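Note that the chains take the letters A, B, C and D in the order they are written out, and that residue 1 is the start of every chain.
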Amino acid sequence: MSEKIRVTVWNEYRHEKAEEKIGKIYPEGIHKVLADYFDGDDKYEVKTATLDEPQHGLTDEVLNNTDVLFWWGHMAHDEVDDQIVEKVQSRVLNGMGLIVLHSGHHSKIFRKLMGTSCNLKWRVADEKERLWVVEPGHPITEGIGEYIELPKEEMYGEQFEIPSPDELVFISWFEGGEVCRSGCVFNRGRGKIFYFRPGHEEYPTFYNEDIKKVLINAANYVAPVKRGDSRPEYAVNVSEPLEKIKEKE
Amino acid sequence: MSEKIRVTVWNEYRHEKAEEKIGKIYPEGIHKVLADYFDGDDKYEVKTATLDEPQHGLTDEVLNNTDVLFWWGHMAHDEVDDQIVEKVQSRVLNGMGLIVLHSGHHSKIFRKLMGTSCNLKWRVADEKERLWVVEPGHPITEGIGEYIELPKEEMYGEQFEIPSPDELVFISWFEGGEVCRSGCVFNRGRGKIFYFRPGHEEYPTFYNEDIKKVLINAANYVAPVKRGDSRPEYAVNVSEPLEKIKEKE
Amino acid sequence: MSEKIRVTVWNEYRHEKAEEKIGKIYPEGIHKVLADYFDGDDKYEVKTATLDEPQHGLTDEVLNNTDVLFWWGHMAHDEVDDQIVEKVQSRVLNGMGLIVLHSGHHSKIFRKLMGTSCNLKWRVADEKERLWVVEPGHPITEGIGEYIELPKEEMYGEQFEIPSPDELVFISWFEGGEVCRSGCVFNRGRGKIFYFRPGHEEYPTFYNEDIKKVLINAANYVAPVKRGDSRPEYAVNVSEPLEKIKEKE
Amino acid sequence: MSEKIRVTVWNEYRHEKAEEKIGKIYPEGIHKVLADYFDGDDKYEVKTATLDEPQHGLTDEVLNNTDVLFWWGHMAHDEVDDQIVEKVQSRVLNGMGLIVLHSGHHSKIFRKLMGTSCNLKWRVADEKERLWVVEPGHPITEGIGEYIELPKEEMYGEQFEIPSPDELVFISWFEGGEVCRSGCVFNRGRGKIFYFRPGHEEYPTFYNEDIKKVLINAANYVAPVKRGDSRPEYAVNVSEPLEKIKEKE
């Protein structure tokens, strides 16, 4: 890890170009709004990457110099190259933080890291979402009150087929009657993954000040720590035992 | 789920045929010894399946009629067909219990369900293993004392790259100086997975009475419960909300 | 553990006698309705105990012959004798299952076992509660659909100050805008504790068929398993090591 | 939280004065050695407190200005005043970090926060302990290799009756044949608790450079984050719902 936290914001960047309504909300793409959270703060270095760049903008050079990767995708999950997905997984297991946003629940990388379908219920109906803090001491909730209220969001509801999160930070209430585990930390290998539910492309969710706070907190939280040893890529044969083993018949 | 627990024991079944020493310990294969745990007890129906059978013995017919699947593999993980692996994963998410034994830690199915490398340290040196019970109230430990001692086993040591188990039941002490989380329950979808560390092919571990008790307990524990609804295969659009959603500007 | 599951239903039994409205809903007390779940099924032996009996009905004889204890209390938590609370705790750590209902969240025994305040938000306003199943493979949800709906309940809302549950089974949605972790399993010592949120004394919640199913499932789930050894009451000095320790300078 | 992390090291401070052998190892007390970890680093403010001071040195003034409290006790757990214990618990639930060392496993404060007996096996036999890192990405392990080796320590062995830790960071191997969950994080209320096993008074464990690193890392890790709201001391009646509740018959 460098002194600075090196953030890379990955965005599918299709909806914004294909649909006028969405393009008006995020004229330079969702990634630009997220990158702006960090831009200008010298605690961070930030760059962006999108699906239609060569290698989706996620070259080895980029991935190896990323401490925290944001991931927003939706309509083109299948177009993400399996080899890139494997590289991202490997980087996470080696300590890179990963923040998966909203419809990224169905991305290849999230499903691969979870081992489950990540299926859930959904509905787009301009409905109110209220994200309740269930772990008020958690660093990701710093500066947030008892809940975050979003006037209009897509609904995602239980049962959300994920492994039980290592830390459940937010639970959402929806106007239409559902609930969702909407802020979840998963530890995988040396890396931390934060799944955060809100962020439908038709709403200006990423401009909300509380959402911004949560995502900056999350970047700080999932950023890797330095380690005194290196991680083995394979199972390791340690033929020399640390202690003497008695010979047996 | 039928009235009986339908157990299928899957075994790679290569070592036993290829190496005389191993063939002497398990003349009809490891699967036969495991199947014999259940055979003759009318609480169970048991069958076996092996790598070199068509579809590895895991046809849809077999998988759809299995409540608990045992998995022992080692030298030929790569020969397991990806489509079969996906079917097994789907069955687990739908509620089938899965018991992964020893070197199965590196099987495709276990890695796929865990999302991590499942790497660990290892050494074959005829060394003593002592499995300590850390959750003495857990059903898998019924009838077991404070620990299980195996005079000779292969060593598997930390760091074992798995997600933090939902239930950590056993921790192993090894003569050569290592430790291992050696009895781990993972909940994935509607299914339960039990990873149990011992069972190297060169040792008669599966004849040990305590090991047998643990594996019978485990089969009972991971067997699915009946559910009042069926599991959706995809994300579900619930366009009709349960509660009225206010129209917004 | 005997062959049968020995259930004891403990109830404060004050509201029902003090308030006519409540007495009409539960004329023989909440405990009677709960005991009736098990009465007549020869898988169970059931008895009841109430606050105003000598030793609150929880003599050593009763406690030592209880596999699963239900606990409903509210207005008189402070009148429960500390010594009885300690005995119940000891029994739980020794394997007795404990099912804490609704306002029992603030009982001495639950707070003692949790180590936290167990504070939460609350409101009595005849509001709808919908309990969503978040672990559909969990034995406690057997026979339950995607959710349980209660037309009128008291609201309990987050942040509910409990340790992160070992298993989170239900999350509630409330009409008034809150959510609550409403079905939680905690493992403590050899015992299992199930906290279940609904059950306000002014509503006929315990007559609801789904609530009944959940509580019968829960009794089966938290009932203890047989162990091959006995639990030590104190720290144990094992001056004789299992392995030879080298003499050091 | 002030800008600096305010550390208070609490020590029973009896063994060091009563036994010459121990006094030679820790002439100014264990607390002095621990305080020296932080002294001179302007990231921290450090003070000490001991059992025989008035209020055990833990006045409201001290507790209210402590971000991280270390706790070492052994022979006089019972002499710690219950009111002080309650104040410490309250501070932890409000966000103060607590680091419980070695024989502190049986302290009133640890047992109160855990809700279990915290019993374990023990033996003093100059035996080797090797603490294996099981979560190599965890901030508490920063700068530590695969394990820490201590040439002589007291043995603590499983079954260690604690709730399943929220994060299991270290597992110990002992020369005499036992294992122990020896580095455990528990979240309680807004506070983090780190239990760290080594530190028997007859050995110079706290001078070990790796142990020092772990404890400095742990202080950083359990230090509270700032919160935007204050924690309620009681259950809170929110009679005004956030959403309109329909009137019912």
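Heads up, the rule we're going with is that a contact is a pair of C-beta atoms (placed from the backbone, for glycine too) under 8 Å apart; a residue touches a chain by one contact, two chains touch by 3 or more.
Predicted, not measured: the structure shown is a model, and the values here were computed from it.
Least step count on the touch graph, chain B to chain D: 1. With A-B and B-C as the two chain pairs, more C-beta contacts join A-B. Chain A maps onto chain D through a rotation of 180°, based on Cα atoms and reported in steps of 5. Centre-to-centre, using mean CA coordinates, chain B is 32 Å away from chain C.
For this pair, chain A with chain B, the centres built from the Cα atoms lie 30 Å apart. Counting only residues that touch two or more partner chains, chain D has 130, 135-136, 146, 157, 164, 166-167, 175, 177-178, 187, 189, 242-243. Interface residues of chain D, counted against chain C in their complex, comprise 89, 93, 106, 112-117, 119-123, 125-128, 151-152, 155, 157, 161, 163-164, 166, 175-178, 186-189, 232-239, 241-243, 245-248. For chain C in complex with chain A, the residues that touch the partner chain are 130, 132-136, 146, 157-160, 164, 167-168, 171-174, 177-179, 181. Every residue of chain B that touches chain C in the complex is listed here, in rising order: 95, 130, 135-139, 141-146, 166-167, 175, 187, 189-192, 224-229, 231, 242-243.
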